[in-house]
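Same chain, two partners: chain A is paired with chain B first, then with chain C.
This part shows the complex of A and B:
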């Protein structure tokens, strides 16, 4: 497996007058092409910070990040981000369709191809009927699906997601989880998925990175050896799932206690 | 519509009744004013007073809008620029625009169009500029990050994120500026003995043509209503996405 994303000794200290926060101390890990990696850690561990650095939205204060061998200094091509505050990441004055379409237009995708990709993406997230609605007319879960549709229509090679399902109800959440896994399967993209939900991290990924408390280091890099075909009922009920979950749970407890 | 017109209709009725049979020189009956209206505002004053005034208002207002939004976006987008400009902006904002008229006239003359347009533009600039600065600053950070992560160009960010995001505040500023503009349109004509809607009202008053003066005031009021209706229309189009489609 070739390495697509490589994070090397990343550090980030926020500095503002009178306040210095060492959020990330030393993060080093590689992600292979087509991998699905989940990142878990206590609240305030620096997960969003890590993601923003990888997305090129913010420079680290130490270390480096490489995407396909090129140092990330600005938002790189071929990467899409689904933000934690998904509702605020949609353009309220554009319809759902236009929201999904705009990045494609800015990327220079010709109109007919754009149409097809928007249709396909909206269909994939089950929003074919809501294309002409505005985001504020949709429920939270639907808004989140718009943000996901926008990201997949962009056809990124790397998809970053920051606690994307934190604010939706359990039912929707399960549906969205399966949706993301199905899309990942079909599109062969690389996914880095941040969550604070232990079950979710085990259910979704092939690997779970457990972060320590801030200032953050990697506490564990755990392979998830569950079968590729996953199902909300059987997978979650399997003994292996339970064992892995217990393992991550223990790690998080240790992280919260300040171990590193 | 009926609800909107109800109060004005009542007020006109009350005015009509109270002023009926009035013999006061300064408060002629509304019926007299109404009769004077068509005779006062014939084609000649419309062409030579009303339209030039409106043209100056339009020009001054447009200049203020363009300059205010451009400067506002620049200042709102840059913390450095903001730090430099903010004290100066506060200072200039505190100066009532009519005070500037003599100063402007010193450079641009009393009678020509230039000083009047500058007066209107300068007065209208501040509400637009300051509201735009606030609007640009308030554009959602997440939305900016979204545009950045999808690698929008500078122009696309300006068009799709900054201007659209700041639009509500820009419109608020533009509305304040419009009423200010009408006032300044009148005031700017009161100093130079020139033609114009405001100048006409002053001249009627000085010549004790009281009913005519009242028709001028009514015309100004109607103008304000028409402009605000026009503004409302533009606003509705701009914010159509907010109401149910």
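This part shows the complex of A and C:
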């Protein structure tokens, strides 16, 4: 498996006059092409810092990040981010279609190709009929689907997701989890999924990276050996799922206690 | 349905009072003629070609000044607002220039342009510009950080960000700036005409007053008020159309 994203000794210290906070101490991991990796950690573990560094929205203070072999110093072309705050990440002044299309237009994709990719992406998230609506006319779950459609239409090497389902209700959340699993399966995209939800990380990922308490290091890199075909009922009820869940849970508890 | 009715009722009461007060002898009819007399004077004015000429002069001066101030205010505001260094560098200058009342510039413009329309134009543009600029600056500073991150992570160009992210955020603020500027521009246009003698409604009011045509004076003042109402109503109508996605306008949610 070829490495698509490689994070090497990433560190981030916030400095302001009279105050220094070491948020991330040493993060090193690789993600192979087509992998689905979840990052989970206790709250305040620097998940957002990690994600913003990888997305190129914020420079690290040490170490390096490479996407497709190129150092990340600004938002890279091969990355798309789905933010937690879907309601604010979508542009309310544009229709759903235009929201999905705009990054492609900015990228310089010609109009006919753009149209086809928008249609495909909206179809993939089940929103073919809502293209002409404005995001604020849709439910929260549908809005996050629009943000996902926008990200997959961009055809990134890596799809970054920052606690994307943290703000939707439990039923919608289960639906979106299955949707993202299905999209990953069908489109062969690479997903880095940051979450604080232990069950979600085990259910979705092929690998779970457990972060230590801040200043952050990797506490464990856990392969999730559940079968590829997963569903909310049988997977979550399987003994293997329960065992893995318990394992991640214990790791998080140890992280909270300060182990690194 | 009730609101416009109530509004009309209030207006009728004022008209009735204006009619009754001078007739009852409570105020001197020489200084405040009964409303009926003023209305007749207004009707007579509407029939003259001269009235429409001065109305056109005022409208032209106002619209031109407002348009210039809008363009300058929006462009300057977007540029200053999206470059933090510029914003910091200009803040104190803006705070110094903004409170200078436009009328304080009257001696200066008289010196340069006399009573030509340019005099009024300078005053109108100066006064209206700050209204627009301040609003647009607020708007440009109000871009949602998540929206900004979204645009950055999708690698929007500087121009693309201005056009597709900053401008829509600024738009509601610019609309407010427009309504404020429209009112201020009208005040300055009339002031310049009245004080400096730039041709237009204000000048006509001055002439009517100094020749003792009290009813005509009131009639022209009413016309100025009506212009203000029409301007405000049309600005709101445009706002509702352009900003139908905005929380202040949209119905759902």
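One rule holds for everything that comes next: the second predicted complex is superposed on the first by the 259 of 260 C-alpha atoms of A that agree within 3 Å, B and C clash if a C-alpha of one lies under 4 Å from a C-alpha of the other, contacts with A are read in each partner's own complex, and residues count from 1 in each chain.
FYI, a contact is a pair of C-beta atoms (placed from the backbone, for glycine too) under 8 Å apart; a residue touches a chain by one contact, two chains touch by 3 or more.
Keep in mind that what you see is a predicted model, and the values were worked out from it rather than measured.
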Based on the superposition on chain A, does the combination of chain B and chain C result in a clash or a fit? clash
Looking at A:15, would you say it contacts chain B, chain C, both, or neither? Reply first, second, both or neither. neither
If we overlay the two complexes on their shared chain A, which of chain B and chain C does A:132 touch? Say first, second, both or neither. first
Of the two partner chains, chain B (first) and chain C (second), which one does A:55 touch, if any: first, second, both, or neither? both
Tell me the contact category for A:240 with respect to chain B and chain C: first, second, both or neither. neither
After superposition on chain A, the chain A residues reached by both chain B and chain C are 55-57, 75, 77, 79-81, 83, 85, 88-89, 91-93, 102-103, 106-107, 134, 136-137, 154
Chain C residues touching chain A - in the complex, by the definition given at the top: 144, 146-147, 149-150, 152-157, 160, 164-165, 168, 171, 245-246, 250, 252-253
As the complex stands, chain A meets chain B at residues 52, 55-57, 75, 77, 79-81, 83, 85, 88-89, 91-95, 102-103, 106-107, 132, 134, 136-137, 154
Touching residues (chain side chain A, partner chain C) in the complex: 55-57, 75, 77, 79-81, 83, 85, 88-89, 91-93, 102-103, 106-107, 134, 136-137, 154
Residues of chain B that touch chain A when the two form their complex: 140, 142-143, 145-146, 148-153, 156, 160-161, 164, 167, 241-242, 244-245
